[in-house]
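These are the structures, in structure tokens.
Both of the next two complexes hold subunit A, though its partner changes from subunit B to subunit C.
Let's turn to the complex of A and B:
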């Protein structure tokens, strides 16, 4: 982050007073001790105490806070539950942290239209809980779903284990209320599908808090599948497991979830939860199928045959809900399991064309030796989203830096084989400097021009996503100053 | 009209850069099958992207296909069908509606109009399967966005923005799509003779059931009979058609679920008949005889579709309609020569949200800003448009007088 703006620091008391007037004294935090809990999100290697925290209780208060910040020239970092794994909600020393946690109500459940209208601070899982008794759920299920907020899910376009079949957040939204940095409130979409003209809903989703602040979300609800069954099998190599995955999709089957773990991850998970994972295997494949029982039973048999014919051994199929949960237990606990065998770990999130997996794993093993750091891999095998967990000890001088360098090399490798830097965690502050490995200058300039269309003064979440902040004037964006267009002679129709 | 026919990205970039230097607006087109959709504007030069054709990469096991934007939809459909896969958003063929040759779209045109068919509420829209692109912006710069893998959140999701932008943000050279396995088989239940309200109730119940339909359309009295696949079965009566797709075993179970919900006279279309019916449905077979009517496309909250139709019929007794998406999509044929094709009256009905787009009308009915119904303030859309195309060269005026 660049050095803090001294003018912003000097204006802080006046700014806080204006905020207090708009939000009430309980809605603004400036006490240094009370600010401390907001210093980081899920990427705890980065910490920064914000200038102030605002906790609005309504769309009107969000709009007021943004308007005041805009008029004062103060930067704003929006935050949901603070579970970002890419530093998306990392505060700025000279910026306001806008916490949306008080906007935590489910406003309406509309089952005939199969949707729910919720405020951004509602947790992902709370939506599914609210409609479970009626047999519905909200499909995207990031692993932090018990804590992460739907507003944060929109900002990050969060995924989860089931997004191979049911899509990411962007595929499960119907409408948004958005407040722009100027305080202007937009309502996009609703209970109907697809935009009239430009898809602002699609653009906002995954924009990492750089374009606007989400104050209301309309999500699609799906009917809960009648049954779900899981199976698992060990493989002697990641190549064999990868071939089985390709064959399953090649047979026209899109499982609800398809996960792979490598040997270090299998061992860590098994030591932690004792799920009965095969310790001699080089790769473990977990496949879940859901739908009507007759369909699931049929698919379980077909997938089982494919797995066996590709060398899968120790095949176990869940015969009960308890067994299904046991099969998943190790995978779902993979991160804390790795946390047990190492003081610290660093979770990466690249996506690769699945066919390149063996090569990527091989080179990752070489990098592991080169950096002297262990790595465990969990992998959303169906969609090629890789989560290498780099094991390190932050108390050993240089290890954090080595882990970060190792992580960057892995992501460069993902791009080199035709993949991308991030599948579901976002770029944030973590991967912004790697953006040029995937995008050229023209590509990045075009993206930043889109930013300028929403936030010409670059006040919303600056320092995230883009390696270099380009001023809008420099990018040749068109500014309207005092109602004067730059080329008044051009026909405007 | 001058026509530019680039065959490489580099040529495309040079042509746009020259237009930028000369302040010369360009009509962006593929095969031109949807050239009459949008405000009637006559631009002196057409930039035809049909020459940027060909499937560049198709990896069925990765569920990803990359092709030139000018590749014909026909070629893509054929390639993916040979691997047992399909475009799940089921792009309909609007050629006949516009009085053009059938089956003559390019994939770029389908994406640029975010054109999705009857499976959209269940599988997603064109925009949901659009993973990445290479395009030339209004400055003549070649840029890319998105990626070539199915799961990616790196940078802004510009593919979403370009989908449905009618070429106004970039001239696309290459598109990458998510392709998924096609269902093994299908079956459609036809409920014969339901009135609008009963049909809406049946569709809403079916969509909220474990029958898991992937199509729910209502063709009122006199409309269903225009479908060759239904002719002889429904006479002059109405048809509510619910589609099931998947494995034979799964369909056998789910049809039982449907039958539990739906009462009254019915029949089934087998896989072959069902496939034919849904293709006809996408091509708006039932509305084709209304040659001179203005055609509107409404997107509304699905459970309220019948209420919207009832209100529309009170206002415009001569209109004909069909409902798709379980009530969420209404195709409306409005006769007459009203200058706005009754746009303001139609939009006045959408009290529960939604939008209406004029898809087809005579030139004199497509002059104003009633053709599209933007959801965001036009100021923001204009800034966005200019962030890609500062001189508004691409399809200038096609969407709105200020875009």
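Let's turn to the complex of A and C:
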């Protein structure tokens, strides 16, 4: 992070006074002790107390806070529930932290149109709870769903174990209300398909708080499937499990979820929740199938045959909802389970072509030996989305740095085999400096021109996502044209 | 359209010479007779011969043509197969028409990763044909799929009868190569999920040629379903058919397609293809279900029961692939069938909340009487996407203008009931002037800032989509901030 802007620090008292006038005294925090709880998000290795915290209660208050910040030239970091694993809500010493937690109402449930309109601070799981009695749910299900907010889900384009079949957040949104840094309010989309003009709904989803602040979300609701059943089997190698995954997809079957865990993850989870996982296996595959009962019965038989023909052993298929939940219990608790066997762990998030999984696992094992740090792996296997958990002890000098270097090597490896730096956790501060391994200057400049179209003064969540930010005027200057023909740099054919 | 830019006309000979140097003589057309075939697209009511046509054969040639145009300050209109129904590829008298038809190769078929990499001039249907023998297909299926290009599908975010279950183009894309107006080449996405940074893939999809030129498309391939069966039934009113549609969706069933036709469309189609449609019905409902055989059998029974309980009569379910195609034949031929009963027709494209269908149909009947023009309706009923076909005779003075006014009234009606101006045909020139009925100044300005982030000189397809374009520098000036606190216009609480 660059040193704090001294002008911003000097303007802080006037800025806070203006905020208090707009939001009321309970809506603004400047007391150093009261600011402390906001110093980090889910990426706890990074900490920074913000200049101030604002807690607006309405779209109008969000607009007022942003307008005041814009007028004052003060940076703004939006924050939902603060569960980001990539530091997306890490505060700035010279910036306002804009907490959306008080915008936590479900505004409307519209079952005939199968959607719900909610404020950004509503938790992911609260949406499904609100419509469960009517037989509906909201599909994306990040592991943090009991805590993470839907606004944060939009910012990070969150996924979950069911996104293989039901898509990421971007596939389950119908509309947004966003406030620009100027305080202007945009409404995008609604209860219908494509609306003409540019797809700003898609653009906003996954934009990590750099383009605008989400103040209302219209989500698509799905009817709960008639049946859902989980099955699991152990494999003697991750290659064999990976081949089974490829064969299932290749057969045209899209499971509701398809997850793999490696031996260290299996052991940690089994020790914690006693789900009956096979301790002798090198890889565990969990497949969930959902839909009408007749379809699920058919698919269970087909997937079972594929698993058996690829050497899967100890196949178990849930015969009740309780058994289905038991099969999932270890996977869902994998992160805290690993937390029990190591003082600290660092959760990475990269995506690779499914076929390269065995090679990536082999090289990860080599890196583990090289850095002297253990690693446990859980994957969204159907998507090729890896979550290696690097085990370390922050109290041992150098281990945090080693874990970070190990993690960077894993992400570079993902890119090298044709994958990408992220799956569903965003770039944030965590992967910012790795972006040039994936994106060239033309890409980054064009992406920043989009950023400039929304926030020309670069006040919204600076320091996240982009390794460097150029002044917007400077980027525009690349478009000067001379009116001369032909250009001396023209390619020849 | 504004009068042609005299400077552009004066620069034309030098401009064409530079293009010829880059693309070779066969790649550039300036002869007035040879330009004539390019004067319009699928919206034939509008015609304009372009300044010149360029026909590049590679990404490098597209980049060269755009760079030359940018250096010369010459506007550019990209064109795929020219099947746009909203005039998206209508030329400009002072602009280059950039035809992508020679970029027509399938570059790679990657079945393990279930995707294909194709050039933009490849037709939609050619992709499915190329992978049919292996049991795969590309899902979006616009009625023009035999002719329309995948590049045009990206530009318009095209749909089709199966987009209810399988999504629009934007849901079936994995990656793009695009060339910016500067000639810079961007590669977006690839064979994986979310890639970090902004969702430019979504932004480009449906951007109607105003942001960049697509030179390569990576599409998702789907495994052909084990079974597909179509069913149809007649209803005594569109209200009853609409209620059946709502009940099917409400039961959690997502058919592969769900289409309605009104009495005039039923009669025109039946006279043309003899599909056995019920001539006494006021509305015809066609529902297709696909998936594993056991699932489809189950769904056929459930949909059949819903149809019967809503007064559907003459239920017919396909027992063979030939019978399925017969049921679809009338719907697929609805446009040419209407072309047989009227010298001209004007195809509209709006979207409404499904529940408002009966009201919209009633008011459309009133408008039909008021304008003295017949209208035949086909709908993607599951999506609420209407395609009213307004029948007129261009040789009768005033009928074209009346048809256009009638069409505008229909689209205003769509917006009034909570819908939108477009479904899948784009805005183009056709709906450009109606945009302010849906979008306020804040929306249009923000959308244009996005346009400016890609094309600061407004050279790419100007005159489409936006009712007015402001100079980009002028829009940027809205972001001036004074550093004064608090702003006098701040809202008070």
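As a convention for this text, the second predicted complex is superposed on the first by the 476 of 493 C-alpha atoms of A that agree within 3 Å, B and C clash if a C-alpha of one lies under 4 Å from a C-alpha of the other, contacts with A are read in each partner's own complex, and residues count from 1 in each chain.
Going forward, a residue touches a chain if its C-beta (ideal position, glycine included) is under 8 Å from a C-beta of that chain, and two chains touch if they have at least 3 such contacts.
The structure displayed is predicted, hence computed values, not measured ones.
Partners subunit B and subunit C, brought together by superposition on subunit A, clash.
Contacts of A:64 after superposition on the shared chain: subunit C is touched, whereas subunit B is not. Applying the stated contact rule after C-alpha superposition, one finds that A:22 touches subunit C and leaves subunit B untouched. Of the two partner chains placed by superposition, subunit B and subunit C are both touched by A:439.
Touch criterion not met for A:282: it reaches neither subunit B nor subunit C.
By the touch criterion defined above, A:246 reaches both subunit B and subunit C. In the superposition on chain A, the residues of subunit A contacted by subunit B and by subunit C overlap at 111-114, 157, 159, 168, 170-171, 180, 184, 186-187, 190-203, 205-207, 211, 223, 226, 246, 249-250, 252, 291-292, 294-295, 298-299, 351-355, 383-385, 418-424, 426-427, 431, 435, 438-439, 442-443, 446-447, 449-454, 465, 476, 478, 490, 492-493. On the side of subunit A, the complex with subunit B involves touching residues 110-114, 156-157, 159, 163-164, 167-168, 170-171, 175, 180, 184, 186-203, 205-207, 211, 223, 226, 246, 249-250, 252-254, 291-295, 298-299, 351-355, 380, 383-385, 418-427, 431, 435, 438-440, 442-444, 446-447, 449-454, 465, 476-478, 490, 492-493. Subunit C makes touch with subunit A in their complex at residues 11, 14-15, 18, 21-24, 60-61, 63-64, 67-68, 70-73, 111-114, 135, 157, 159, 168, 170-171, 180, 182, 184-187, 190-203, 205-207, 211, 222-226, 246, 249-252, 291-292, 294-295, 297-299, 351-355, 383-385, 418-424, 426-427, 431, 435, 438-439, 442-443, 446-447, 449-454, 456-457, 465, 472, 476, 478-479, 481-487, 490-493.
Within the complex formed with subunit A, the residues of subunit B that make contact are 59-64, 84-85, 114, 116, 120-121, 124-125, 127-128, 137, 141-145, 147-158, 160-161, 163-165, 169, 180-182, 184, 204, 207-210, 212, 246-247, 249-250, 252-254, 299-304, 325, 328-329, 352-357, 372-377, 380-381, 383-388, 390-391, 396-397, 399-402.
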